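One chain, subunit A, links the two complexes that follow: it is found with subunit B in the first and with subunit C in the second.
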Partner chain A sequence: MSEMGNRGRRNFVRGAAAALIGGTVLAAARSRSPKLVWQIDPEKCTRCGRCATHCVLAPSAVKCFHSYSICGYCDLCGGYLRPDAKGRNTGAENQLCPTAAITRTYIEAPYYQYKIDEDLCIGCGICVEGCDVFGNGSMYLQVKHDLCVNCNQCAISNACPSDAFKRVPASDGYLLKSDQEKRISS
Partner chain B sequence: MGGRVKQRTAGLMVAVPVIICCGALSLVLIFNWLANDSTPTLARSIPGMDGGPPQSERDQSGDLNVNLAGTLETFDGIPSDLPGSWPRFRGADFDNISKQNVELADQWPADGPEVLWSVELGEGHAAPAVLNGCVYLFDYDETKRADALRCFSLKNGKEIWRRSYALPAKRNHGLSRTIPAVTEEYIITIGPRCHVSCVETKTGNFRWGIDLQKEYGTTEPLWFTGQCPLIDGGRVILAPGAPDALLMAADLKTGEIIWKVPSSKGWKMSHSSVLPLTLHGEEMYVYAAVGGMVGVSKEGNLLWEIPWNASVIAPSPVPVSGNRIFITAGYGSGSLMVEIEKDASGYAAKEIAKHGPKDWLACEQQTPIVYDGLLYGIMPKDGGALKQQFVCFNPDSGELVWSSGKTHRFGLGPFILADDKFFVLDDDGTLTMLAFSKTGYQQLAQHRILDGHDAWGPIALVGTRMLLRDSTRMVCIEVGEKE
Partner chain C sequence: MKNVGKNWVWFVVIMAVILGLGIYLGQSRRNELGKSFDYSLDEYRKVDPALIKYRELEPILPTLGKLSALALSADDRIFVGGENGIEVFPGGEKVPMVGTPSCLRVAEDGTVFAGMQNHVAVFSKDWKKTVWDAPAENAYLTSIDVDDWYVYVADAGSRRIWRYKKEGGEPFEIGEKDWANGVRGFNIPSPLFDLAINRFDGSFWAVNPGYHAFENFRPDGMPLSTWEASSMGIEGFSGCCNPSHFALLADGGFVTAEKGLPRVKIHNADGSFRCVVAAPDQFDDDAEGLDVAVGSDGKIVVLDSSRNQVRIFEEIK
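This part shows the complex of A and B:
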């Protein structure tokens, strides 16, 4: 009886030791591998609109980014104005963005600066489509890591039709379009 | 019986005050709901919130007081004796097809066609015209801030003379973007801010000039003027797109205005150029303005017009068999095919087909080529799966005949047809040679010629010398068969 009891204790100690060692190894391995976050490859994104509707957050953690070094600062901006806009001005009826998240500011003739209001942006990509088709492609979508909860399996990536979502190291968590922005962010 | 009445009375005594109280409370709530502004945090988006001037003021470029005579500088270049010419936008016949009897190489060496010479230019998309061994290019001198008509030797690229006038202009997707029209005697240019000049071809001496904005009220197009001037006999045909002069003719020697056709519908200047055309046996000028397309007789009478709602038009009209004209534009506009009919009462333009950019041939910047009954062009960025592909369409059926495929895209690139070969330049300066084919894409050779970007200036071909440019450099390459 006591021999059986000793065997049980030994098995328990062995199991506990194995769990401890395995856990330590796993923890060490995890601490060595870089933390990964979800991000959108701008070259693959087709502006389908699912980033706005499939994120577990509302509004989505996907926002429009604007590359100032690529932007043409045009009066006729394909990312800001509807294709059938009656005028090139800030009237709601002319704006492409459904939430008026893009502000337009006059610099000097004939240039205007466009900024994204992140609080209003829902990541629908409508402006990105307009900028890509009619402009220089300075607007593009990115996952904002201060908003994203980094789900194990991103709900948007499941719905993305162009396989544009991928895991990237958190230390280099944005796939920026221009070298200038990359230099600034680093 | 008496007990029931008492019970009912007691019930009513409780229910009536409750109903009255609930009704009063509901009225108070409804009143409050209606009285309160439920949208205190919403802001109205109205015109003028960007701090810029109204669009009407922006569209007026003001009085620039430009002295178009400017100055003439001469250099040590000399005209070459090389044969051939490319005297204007889209060549002598306005079709972008070189008809000279010269054999061009079917293949290029591994290091590409030989670059014969290269010159630095101001940022822009202006392309050259060539006559009598001289290359004429209407440049913008960014250092001196001046429009500059430059004459180079076709042989070695050395500059011969330069006629320039001071003009303030800020880069806006480049500065220069037109091609001069050159005859033996005169050269006509249109500058980025709508200044027309005439100078003598051999000497560069100034003859006359017109400021279309100042004199006619032309609205400067977005991203500057793209219209290339037309010389027809002894006349210059211009499209000011102004209230009193949608189209006008000026005497080539003197600049005196011969006729003007008013813009009765307020149509404005586009980047498109005037196309001379013969329909129903009558010579006419066809122009695609912002607002619609018109046909004007050689005597200056409006023959027909048809509205077309395209906000930016860069390609020029293209004649198609059967008295039809094809016009296309980018920025979501797509294409329009019209048939010009004539009866006893005169001309009429009838819409045959109108399609969006995903449904038919559309081009954002370059004018399509019609050859052997088919239309060739490069699809715009909003052309769906065909975007930026070189395509061939049947103008009769509207069907896609072939496309270059998703692995061969060419940006906004210019292209030309010569010796049964298409030469297509993509945005980053890679030149692709295709065999002319009515059945499919057949690439013969490809090589990156230019290092820059935005290689959008139309291609010129003279003999076996091809002139190409990107945003800041023009090169002359040899595309002939090596002996």
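This part shows the complex of A and C:
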């Protein structure tokens, strides 16, 4: 009985030691490998709308980004105005964004600035579609890392039809379209 | 024993309820977006067939890739610019060059002018090359036209038109805002900025795409007239940068090409809509940069870079 008890203790000590060493090695390896976060490759994104419906957060952690250096500041903005807009103004009936997340501000003739209100944006990408078709593609979707909970297996990445979701180092967590934005963010 | 069976039944029922609830909640979170989130241009892609007055002929298939520029010579030879070269049809003669021309024009004497982003490459008839630099630092040349006196070059980067003498030299600047003389400046949201010389009076037309406008200027840059037509409908131009390209007809009409809603139309000299050459459903969805030219026989030639083809349209008599 005492022999059995000793063997049990020895096995327990061996197991605990193995777990401890393994855990330490794993922790050391993790601390050396860079932290990865989810991000959308704007070149692959097809604006399918699933970022808005498949994120575990509501509203989604995916938001529209607007590159001011690419934007043409157009009066007739394809990302802001519906294709069948009756007028070029801020009337709700003319706005493409169903949540009115884009604000339009007059700068000087004939230029207008468009800003994304992140609190209202749900990441549906409808503005991205309009901007891409008629404009310069200055609007695009990105995962906001201050909102994203960085799920191990992102639900949007599972649903993404164009394989646009990928893991990127947290230190360089945004896939920005223009060099100017990259310089500002770094 | 009876109790054990009952317990199992309860267990199965409870698990089924939990599973059903989970599926319901999961699906309710993953509802599709509503109708207001649909983005569709289908309605605008439809064109009344009665408005289409041209039929398509057999296309030309250049061997060059990434087609980017188109020009017709006085004898209706087709010059196509693409990746690292120019190809000439009929015959398929290929002239290699470094870079991809963004615009092309062939003078009556056979001289070929190629816009190469920040300079003009001028090729004599035997393809000897000289270079004219564009003066702006951020130059992006998008169109060239030439008459007996001048070479006009549209520069989308600096939003200017440079007027060179036929032999080159320092260009004259056109397009700076000058409200006193009615020059509002060019609003160029993207590198689409076309021009063409009016052969009857030596003036030239330039697109002001931010306004969906055509503007007519004297050679010294003074404005003569303008017309504009903003509309998603067939009678106007849509989006922020249209028309992307145009060519002038012998009767003063305008052959226009658009991006976003890819379509080729004809407007009369006064800007009113005349007819459709090619409807949106005749192009791929991603077609853009549809450079157009008009032959001496009235045939309309369209550069379709998405299909890497030169497409030819003939009026239905």
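To be clear about the criterion, the second predicted complex is superposed on the first by the 182 of 186 C-alpha atoms of A that agree within 3 Å, B and C clash if a C-alpha of one lies under 4 Å from a C-alpha of the other, contacts with A are read in each partner's own complex, and residues count from 1 in each chain.
The criterion applied here is as follows: a residue touches a chain if its C-beta (ideal position, glycine included) is under 8 Å from a C-beta of that chain, and two chains touch if they have at least 3 such contacts.
In this text, all values refer to a predicted model and were calculated from it rather than measured experimentally.
Visitor: Under the superposition described at the top, does placing subunit B and subunit C together on subunit A give a clash or a fit?
Guide: The answer is clash.
Visitor: If you stack the two complexes on chain A, which partner ends up touching A:126: first (subunit B), second (subunit C), both, or neither?
Guide: second
Visitor: Tell me which partner A:54 touches in the superposition: subunit B (first), subunit C (second), both or neither.
Guide: second
Visitor: With both complexes superposed on chain A, which partner does A:100 reach: first (subunit B), second (subunit C), both or neither?
Guide: Touch partner of A:100: subunit B, not subunit C.
Visitor: A:157 in the overlay: touching subunit B, subunit C, both, or neither? Say first, second, both or neither.
Guide: neither
Visitor: If we overlay the two complexes on their shared chain A, which of subunit B and subunit C does A:110 touch? Say first, second, both or neither.
Guide: both
Visitor: Of the two partner chains, subunit B (first) and subunit C (second), which one does A:90 touch, if any: first, second, both, or neither?
Guide: first
Visitor: Mind working out whether A:78 is in touch with subunit B, subunit C, both or neither, as first, second, both or neither?
Guide: A:78 contacts both subunit B and subunit C.
Visitor: Between subunit B and subunit C, whom does A:134 touch in the aligned arrangement: first, second, both, or neither?
Guide: both
Visitor: Quick one: from 1-9, 163-171 or 253-261, give me the piece of subunit B that collides with subunit C in the overlay.
Guide: That would be 163-171, the only stretch with clashing C-alpha atoms.
Visitor: Quick check on my understanding: which residues of subunit A belong to both its subunit B contact set and its subunit C contact set?
Guide: In subunit A, residues 72, 74-76, 78, 83, 110-111, 133-134 are touched by subunit B and also by subunit C.
Visitor: Where on subunit A does subunit B make contact in their complex?
Guide: 72, 74-76, 78, 83, 87-92, 95, 100, 103-106, 109-112, 132-134
Visitor: What does subunit A use to touch subunit C in their complex?
Guide: My answer: residues 47, 49, 52-54, 58, 72-78, 83-84, 96, 98, 110-111, 124, 126, 129-130, 133-136.
Visitor: Which of the residues in subunit B end up touching subunit A in this complex?
Guide: Contacts found on subunit B: 43-55, 58, 170, 172-173, 222-223, 311-312, 330-332, 380-382.
Visitor: Within the complex, which stretch of subunit C touches subunit A?
Guide: Subunit C reaches subunit A through residues 29-34, 36-37, 39, 41, 43-44, 187-190, 210-212, 230, 232, 238-241, 259-260.
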